[in-house]
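Can you keep this structure in mind? I'll have questions shortly.
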Amino acid sequence: MKKFILTLIALSMLCLSTVTNAKTIRIGTEGAYPPWNNLNAAGELEGAEIDFGNEACKRMGFDCEWVIQDWDGIIPALLNGKYDIIIAGMSITEERKEKVNFTDGYMTDGARFAVLKGSGLANLTISGMDKVNLNGAGGKEQAAIGQLIAAMNGKTVCVQSATIHQNFLDKHMAGAVKVKLYSTVDDHNLDLISGRCDAVLADVGSTIDYMASDSGADVAFTGPTFSGGVFGDGVGGAVKKEDFFILEMWNKVIAEMIADGSLSEITKVHFGRDISM
Amino acid sequence: MFQFDLLIFGNTGWGDELLISTIMTILVSLSSMFLGVCLAIIITWAKISGNLIVRIIANFYTTVIRGIPELLVIYLIFFGGSATLMYLAKIFGYNGYIELNAFTMGTISIGLISAAYSTEVFRGAYYTLGVGQLEAGKALGLSRFQSFIKVLAPQMLKHALPGLGNVWQITLKDTALVSVTGLVEIMRQSRIASNVTHSPLTFILSAAILYLILTSFSSKAFNKLEEFTNKNDSVTQ
Amino acid sequence: MNFELIVDNFFLIILGLDETLNLVIISLSLGFVISIPFSLARISSIKILSKSVYYYIFIVRGTPLLVQIYLIYFGLGAIPFVRESFLWIVLKEPFWCGILALVINTVAYTTEIFRGGLQSITKGQIESCKSLGMNKFVMYSKIILPCAFRQALPGYGNEMILMVKSTSLVSLITIMEMTGIARNIMYKNYAPIEAFVAAGSIYLFLNFLVVQFIKFLEWKYNPHLRVKD
């Protein structure tokens, strides 16, 4: 009996792992968000942020350990200590800043609606505006949103849950459109193709990646590219509020990589254009 | 639609990842079932115990776990588990971060659910065997706990086998819900593959077939086990 | 543990109660009705009927409900043939996909429960029916089915509770029932425990009501088992 209990305790000790040695940085990422971060058929993580993170760790002299976590639980898992920093295409927003601190932005991409090519919502033009920046939104921006609401009234718009895209719809288009929430971008893209969604709202980079695949051949952008306001200011790494040291380390290496152009090279490889900050 | 070429082994196909995730499903189911059975024996003992407080705690446990959806149990343990553990560790003076790996998280979540169901099975088995066993144990000088562990439990396991077979199937299928913990078992792996390849039918169907293989193999194994334990029960006079 | 937040969440999550109840009631009713002919088929002497039902049950009970839900929603949605057929009117909506998955699942389990009830009818009872000159229809409707239901009541009560819990899985195909709302709350204020404790307590209460309902049915339909005062 005693031996049995002792064995149980010993086994359970093996399962608990204390914070890993100081030479490793654990990075949390989603792994389902190409071309930012995704898993490939060989079971490896790949994407712009993976390259960025690996390069940053190299420059800081640490080993990178990537931890994959569903988008739903990515911030709570950070707060629970599952990893040290989130690098997962997470936009810097005031709302998130209440719970976590962000590094300086390292990449930035706009958000845009996407529809099927033949749909009634295709080729929407909003008062001649290509880009709508919601920072300090004035009458012109409000009018643009008003036109969008008029065009999409009663339609179903799909977004990934817990994203700035969901926040935009909830804040600006709540009564006018039916919002459906999905766990990953691929899920809502599939429903766009099958006709369950009239439109999806996601960042430009991931939608372009989808449009390049066989499945997404019939998808086209519509309306202007959004940024700012509820969309936040760029994508940054999220750390716990008390981890000042980690924050400073990353800010230093981000500044370095922006200055010497390596960040812009990485984004060009995966996005086909420079989206570094 | 259904694309066979995505299922090949090697670097361009997901076949090998699916196989590894199947092994992971088996491992996490086995460890959860083991944890569940161990816990269930303790909780069954608590339920038949004379102590009112212990009985109430045990009943509260099984009522809550069997009354709320498994998904919520898993979320609560995943989001609450590390926090609770760290809180407990702080009491003992340990201020670092304790990280429970995905496998342990999954095992504990499913194990706690499995324990609640196994408890009901054991309770049924106990009432079949009769209270007399405990009294006989007492007459032999064993403590109540000893007679439970040494006399009753082994017999209960035999009577509980059909019910446990059922709990095993439930446990096996419940592992499909632990994807939030990050554990890469069959369901999660098939979702990852489907997301990357934009081919949901291929991978969800493969997942269904893999589970079917596991459950049918298990039910055959349990049938054999029941035959084996009932072997000596036949009347031979 | 922020108790005030739990109470606030409670009022948000309860808005999903009608969706949950819709799912439970429609699935259970359809499942109940469909299981009766299925269980009769299962014990029938026509081999092809009983074998088909057997394999149906085998496959449905052998795969997790989550896989079935995903298969119907995402899997069928990816087949162009389905999208262009009349089936799409139903399968386009996540609610009906959810109902379809829940009904398929509950029919498999309920059929087995009813089968157990049917097989508990002894030969003696059937012989007495025949000796009274009842034809097959009267025998089934007056004696066999009612007796089988009474036997199946505890098992079916369990199935009702499992159904209430199973509805939480359809939150993963965009249906905003209680679990879906709870997850959405978690995204907004990053306080998962408070959200899920609130949701869990509502489910617990629902299942408590189901248990009381089953106890009432058992009391009503098994007068011979009532405790005499």
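Which chain is which? They are A, B and C, in the order written, and residues in each are numbered from 1.
One rule holds in what follows: a residue touches a chain if its C-beta (ideal position, glycine included) is under 8 Å from a C-beta of that chain, and two chains touch if they have at least 3 such contacts.
Remember, predicted model here, so these are calculated numbers, not experimental data.
Chain centres computed from CA atoms place A at the largest separation from chain C. Between the interfaces A-C and A-B, more contacting C-beta pairs are found at A-B. Work out the mean CA point of chain B and of chain C, and you get 23 Å between them. Distance between chain A and chain B, defined via averaged C-alpha coordinates, is recorded as 35 Å.
Contact of a single residue of chain A with at least two other chains is seen at positions 72-73, 76, 187, 190.
Within chain C, residues 74, 77-78, 192 each touch two or more of the remaining chains.
For chain B, residues touching at least two other chains, in rising order: 79, 83, 191, 194, 199-200. On chain B, the positions that touch chain A within their shared complex are 6, 11-14, 16-17, 78-79, 82-83, 86, 96-101, 103-104, 149, 179-180, 182, 191-200.
Residue ranges of chain C in contact with chain A, taken from their complex: 74, 77-78, 83, 88, 92, 94, 172, 174, 180, 183-184, 186-187, 190, 192. Residues 1, 63-64, 66-72, 75-76, 79-80, 83, 169, 173-174, 176-177, 187, 191, 194, 199-201, 204-205, 207-208, 211-212, 215-216 of chain B are the ones touching chain C in the complex.
Note for the complex: chain C touches chain B at residues 58-59, 61-68, 70-71, 74-75, 77-80, 161, 165-169, 171, 179, 182, 192-193, 196-197, 199-200, 203-204, 207-208.
By the touch criterion given at the top, residues 1, 15-19, 31-32, 34, 38-43, 67-70, 72-73, 76-77, 80-82, 184, 186-187, 189-190, 210, 213-216 of chain A touch chain B in their complex.
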